[in-house]
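Heads up, there are several structures right after this.
Shared between the two complexes below is chain A, which has chain B as its partner in the first and chain C in the second.
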Partner chain A sequence: MSNPVETRKKSGTIRVDYMARVEGEGALLIKLKADRVQDVKLKIFEPPRLFEALLPGRHFLEVPDITARICGICPVAYQMTAVHAMERALGITVDPMVRMLRRLLYAAEWIESHVLHIYMLHAPDFLGYRDFVELAKDYPKQATEALRLKKLGNRIMALLGGREIHPVSVTVGGFYKTPSKADLQPLVEELKWALDTAFAKAKFLGGFEYPDFEQAYEFVALSHPSEYAINEGRLVSNKGLNIDASQYEDHFVEQHVKHSNALHSVVRGRGAYQVGPLARFNLNYSKLPEVARQAAESCELRVPCLNPFKSILARAVETVFAIDEALRIIQAYEPPPAPKASYEVRAATGQAITEAPRGIQFNRYSFDEHGIILSARIVPPTSQNQKRIEEDLRELIPSIVNQPIEELTRRCEQAVRNYDPCISCATHFLKVKLERE
Partner chain B sequence: MKSKPSIGVFKFASCDGCQLSLLDLEDELVALAGAVDIKFFPEMSSNMRSGPYDIGLVEGSITTHHDAARVHQIRKQCQTLVAIGACSTAGGIQALRNWGDTQQWVNRVYAHPEFIQTLSMSTPISGHVPVDFELRGCPVNKYQLLELVSATLAGRKPNIPTYSVCVECKRRGNVCVAVAQSLACLGPATQGGCGALCPTYDRGCYGCYGPAESANSTILADHMLAEGRPQDQVLRAFRSFNACSWPCRQAAEGRGLS
Partner chain C sequence: MLIIGCGNLDRADDAAGILVAQRLREQGLEAVEHSGDGLALVDMWNSADDVIVIDAMVSGASVGAISAWNPVTRQICEGRLRCSTHDFGPAEAVELARVLDRLPQRIQFYGIEAANFEPGAEPSAEVLAAVDQVVKEIAVAATSAIL
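Coming up: the complex of A and B.
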């Protein structure tokens, strides 16, 4: 097998044949001519697994367990979006405590996923290491604390769902089993430590060197009147979008790109958009608790932030928020009278959007009177960010084109990682190719 | 000084969850990285070096011509090759295509099916190259994964039980959900390793660790039918994350359910 990573300057071509520190398999190809960008390709060779075709014929109760397997990094996001879609289809209202527990489970996934991405996948770019293990040698305290934070996110998921990857407790109408108040109490002390630690770490991350790069993004995120939206809300943007999940397919279209196999998700009539922590931070800043706003101030992350490299700071601030929210929920929690709501099955269609760690995820399911799935549509966050990632690269490269090839390559990879791409989720977008006019 | 044993982590069609289990070993990761030379683990490190590798951990199933060739290259470079997780040991949930019309499925999902190159079957690693050990689970248990790596490095047999989920339920003191709550439970035929998670959370086991050693899944399917469960429900119960494992296939097809 040849060396999987080859960075060379040959006819102005930069190739990274195997992108590291992203989830899934992808490659990056950039063609330059006379220092001008000729071509940018973020090539995804993750093989398609055809989830939307294997779901029809299954019962809707099986869907959350199956769609979790789209992504081992954000299984809760898939489970949540699926159960919300089914509940919207059948008009099920869940108990307020069930709703809080789901928010706790989702916040735990945010903690785990954000800390993983900040320290294991992205921070090495900023500090000049090839991986977390190298970083840990020079920053042992930061590394040890990061692992402990990540472990806490996993511990909460395992407590609520049995295990951190593909938890087993979530179902339509609620949970198979809900914890007692006493089950959750042991988390409180560790969460208090985590809140202080995550706050201090935001300041540490604020000390990184950030490239001077801003874009006029359309940020898209869920927004809720009284909370920092995770599970529900209206879908809004800074360019006037304000819709219900059921209208998603009217406003977002998959567009054919010339000379490309890929379909890009775009806002109808406008184009590429950004989802994820930076979008949420910019759109929902006023809903953040005071401690998270102070964390943002300590790392100098301010609204509006148009620098995608600072998404790592938005992740750090959201980590503070998620820990604070977990504490709030645990302290207010009383077990619901029943773990799940009762309901009657009928033929129906439902859509839902939730905020996965790396951005909104849309699901639509139709099922018959027996609950058997007739059709499924799943739009993961990475496929929505993909066009924006490529546009960032095309805008970024001219400003750094005179740097040594290794530095140029490193910076491009870092720019892709700004979006925490999860390629396992996004296999609808194969062999992306863009050409400059 | 003898050089440290080397590890390569390779991915085929999968969700990344099994290799993520390595990064989820928060308390052991730094020690593990010190004890071995992680030569190839793209999800963790940009420092990717070619083989040979003492241990190759393979996640995912084979679904493309390219991957069918690549797995042979990987086998040649790994002294010990271990398949981790339901995709690599049984084809995974994406192996449901093996009973469907894959081309029709591609047409259903993609606007330009002509650009999609995929095999009509999703198959386990052992269908292509000899595999030294198969670690079950969807996802694998991270402590079993650690035990497997440690045992391989020490040259001993890994301590990975092959008994059924029922044994783990008894050990946890769970009341049987099949008997007490009449839930459909694959526990009697499913290999343990998860710690009987689903029955502990008041639901029936859905078989994500695949068939236990000498599991009689046909009898279990008969029992589920005799309890009055609809045929299509029993078929779907066996046809999931480990659908390709033969006792499950026998249970699903031997009953004339397919």
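Coming up: the complex of A and C.
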């Protein structure tokens, strides 16, 4: 919900004092002079979370449960990236079924997070509603189905993780407990319903009106030779990047900017880049299952898509993918011989990247011979998209600058939401302030 | 009767609803705790005709003040029980259930005025006293309903 407070008086300032439907506390400042954009700043003023300072001195086994607390929407992303980093550090290979279960847990988070963002947070922008409740009044079937889809994601999370939010089953080497085949079977019928429903919904979303806006993005995502990458792969981009997670810090640098408590991540020598569903769709389209590619066709989402407003369609296609993947995994699942691999602790450093719902997350941990964390680094997706959001707005505003203030503000908010920013993750309300000289 | 205590035990006064649920269970009454997504409340309400929801609230009243109201007949002020900008709280859940015609036949909200949401801090004495009072009121109502 947004409460635009129009203050374009003699001061030449427009302010939106409270932008919701994003997570966290921040502000957007836009300065215009003679209708030309002078400055755009996505200001994140929520205090830093300091998780990286909190982890040293703790045992590495504690890390997945501590970092999961960074976010209630994508705790699995934090857990997965952490355990993969520890496992890479110690050379642990997990059982193939454990690997599949982790992919299932992550798919559940994608379903739950994508459905939340598509219908409850972003769709109201396209349909001209203040919020999801208003949308639900006019589209009760769509709303009811969305609630049921989201519930399914939560249900899988609870089944595998012990609870819907901040699951507690994940550990280095595997899980504390793995489900039986029978435990997963009751999900099948609901997943079949969900697949049909999510497919039909992609077509519904394809009928929205999309602003004519394209940018020459550098898309960055994980890429895996045989699957639509979630948990592992090399980090690639459409501008030639192709690296292992261990090389991430050689190619990406976080910059402190005065106006934000979240760091801006850039590709060294190139600048802003985009991570998330649209990046993944563009870079990994060929790895999508047929049903997801058909869903993309039904909503006319085609590679390459350079329109950030169509990220909602990429999310819809990925929802179809995640449901299909969950079905595939459950049908192939056999309980692993042991829930987790055994390993020896030694001093080591490990890095990992996984695909959180809103884009890649990088973790690096060093620990001593007792497994005590010496240093930690966490780069969440929103800090990676933050600079790109500012650049999108800088390019978008000139094309809409003559529109009424409310419409201009609404479109800017919509453009921010293209990235499903989780500002709490990055350090988080968003206030929008537009100044004209 | 479905009794749902909402909140977060680890955030000072926000524990109010959870504490009410726990105390009611100690008295042998069924009460569930809910710390997550407010949208899930819409589903939880599906299974009952008679629902009581308890949560911390911020309305500007004095800390520990108790408000009780029927959200069917009295709309909740926006943001009053809001728990997140990204997720949905009980207020949004009520409004959503209302437009989807999924509100239970009878629903009662108890709000306990909160001030401190600091992570790891204890609830204030005023909030704890309010918790005791709400437990008494709900125990009487629930017992009457059973009898």
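Convention: the second predicted complex is superposed on the first by the 406 of 437 C-alpha atoms of A that agree within 3 Å, B and C clash if a C-alpha of one lies under 4 Å from a C-alpha of the other, contacts with A are read in each partner's own complex, and residues count from 1 in each chain.
By our rule, a contact is a pair of C-beta atoms (placed from the backbone, for glycine too) under 8 Å apart; a residue touches a chain by one contact, two chains touch by 3 or more.
Please read all numbers here as calculations on a predicted model, not as lab measurements.
After superposition onto chain A, partners chain B and chain C are found to clash with each other. When the shared chain is aligned, chain B and chain C each come close enough to touch A:L116.
Once chain A of one complex is fitted onto chain A of the other, the partner contacts of A:I73 extend to both chain B and chain C. Within the superposed three-chain model, A:E254 lies in touch with chain B and out of touch with chain C [touch as defined at top].
By the document's definition of touching, of the two partners only chain B reaches A:P124; chain C does not. Looking at the shared chain after the overlay, A:V133 reaches both chain B and chain C. Counting residues of chain A touched by each partner, chain B versus chain C, the larger count belongs to B. Residue contacts after overlaying the shared chain place A:L147 against chain B and chain C alike.
Note on the chain A alignment: of 97-105, 133-141 or 223-231, the part of chain B that runs into chain C is 133-141. Across the superposed pair, chain B and chain C both touch chain A at residues 1, 20-24, 72-73, 116, 120, 131-133, 136, 143, 147, 150-151, 154, 164-165, 422, 424.
Residues 1-5, 18-25, 45-54, 58-59, 62, 65-66, 69-73, 75, 116, 120, 124, 130-134, 136, 143, 147-148, 150-151, 154, 161-166, 168-169, 171, 176-177, 254, 256, 261, 263, 339, 413, 422, 424, 428, 430-431 of chain A are the ones that touch chain B when the two sit in their complex. In the complex of the two chains, the chain A residues touching chain C come out as 1, 20-24, 72-73, 116, 120-121, 131-133, 136-137, 140, 143-144, 147, 150-151, 154, 164-165, 422, 424, 429. On chain C, the positions that touch chain A within their shared complex are 35-37, 39-40, 42-43, 78, 84-88, 92, 95-96, 99-100. For chain B in complex with chain A, the touching residues are 11-18, 20-21, 23-24, 26-27, 29-30, 33, 38, 40, 42-51, 63-64, 66-67, 73-74, 77, 92-94, 96-97, 100, 102, 104-106, 108-112, 115-116, 118, 122, 138-139, 194, 197-198, 200-203, 206, 208, 233, 236, 240-241.
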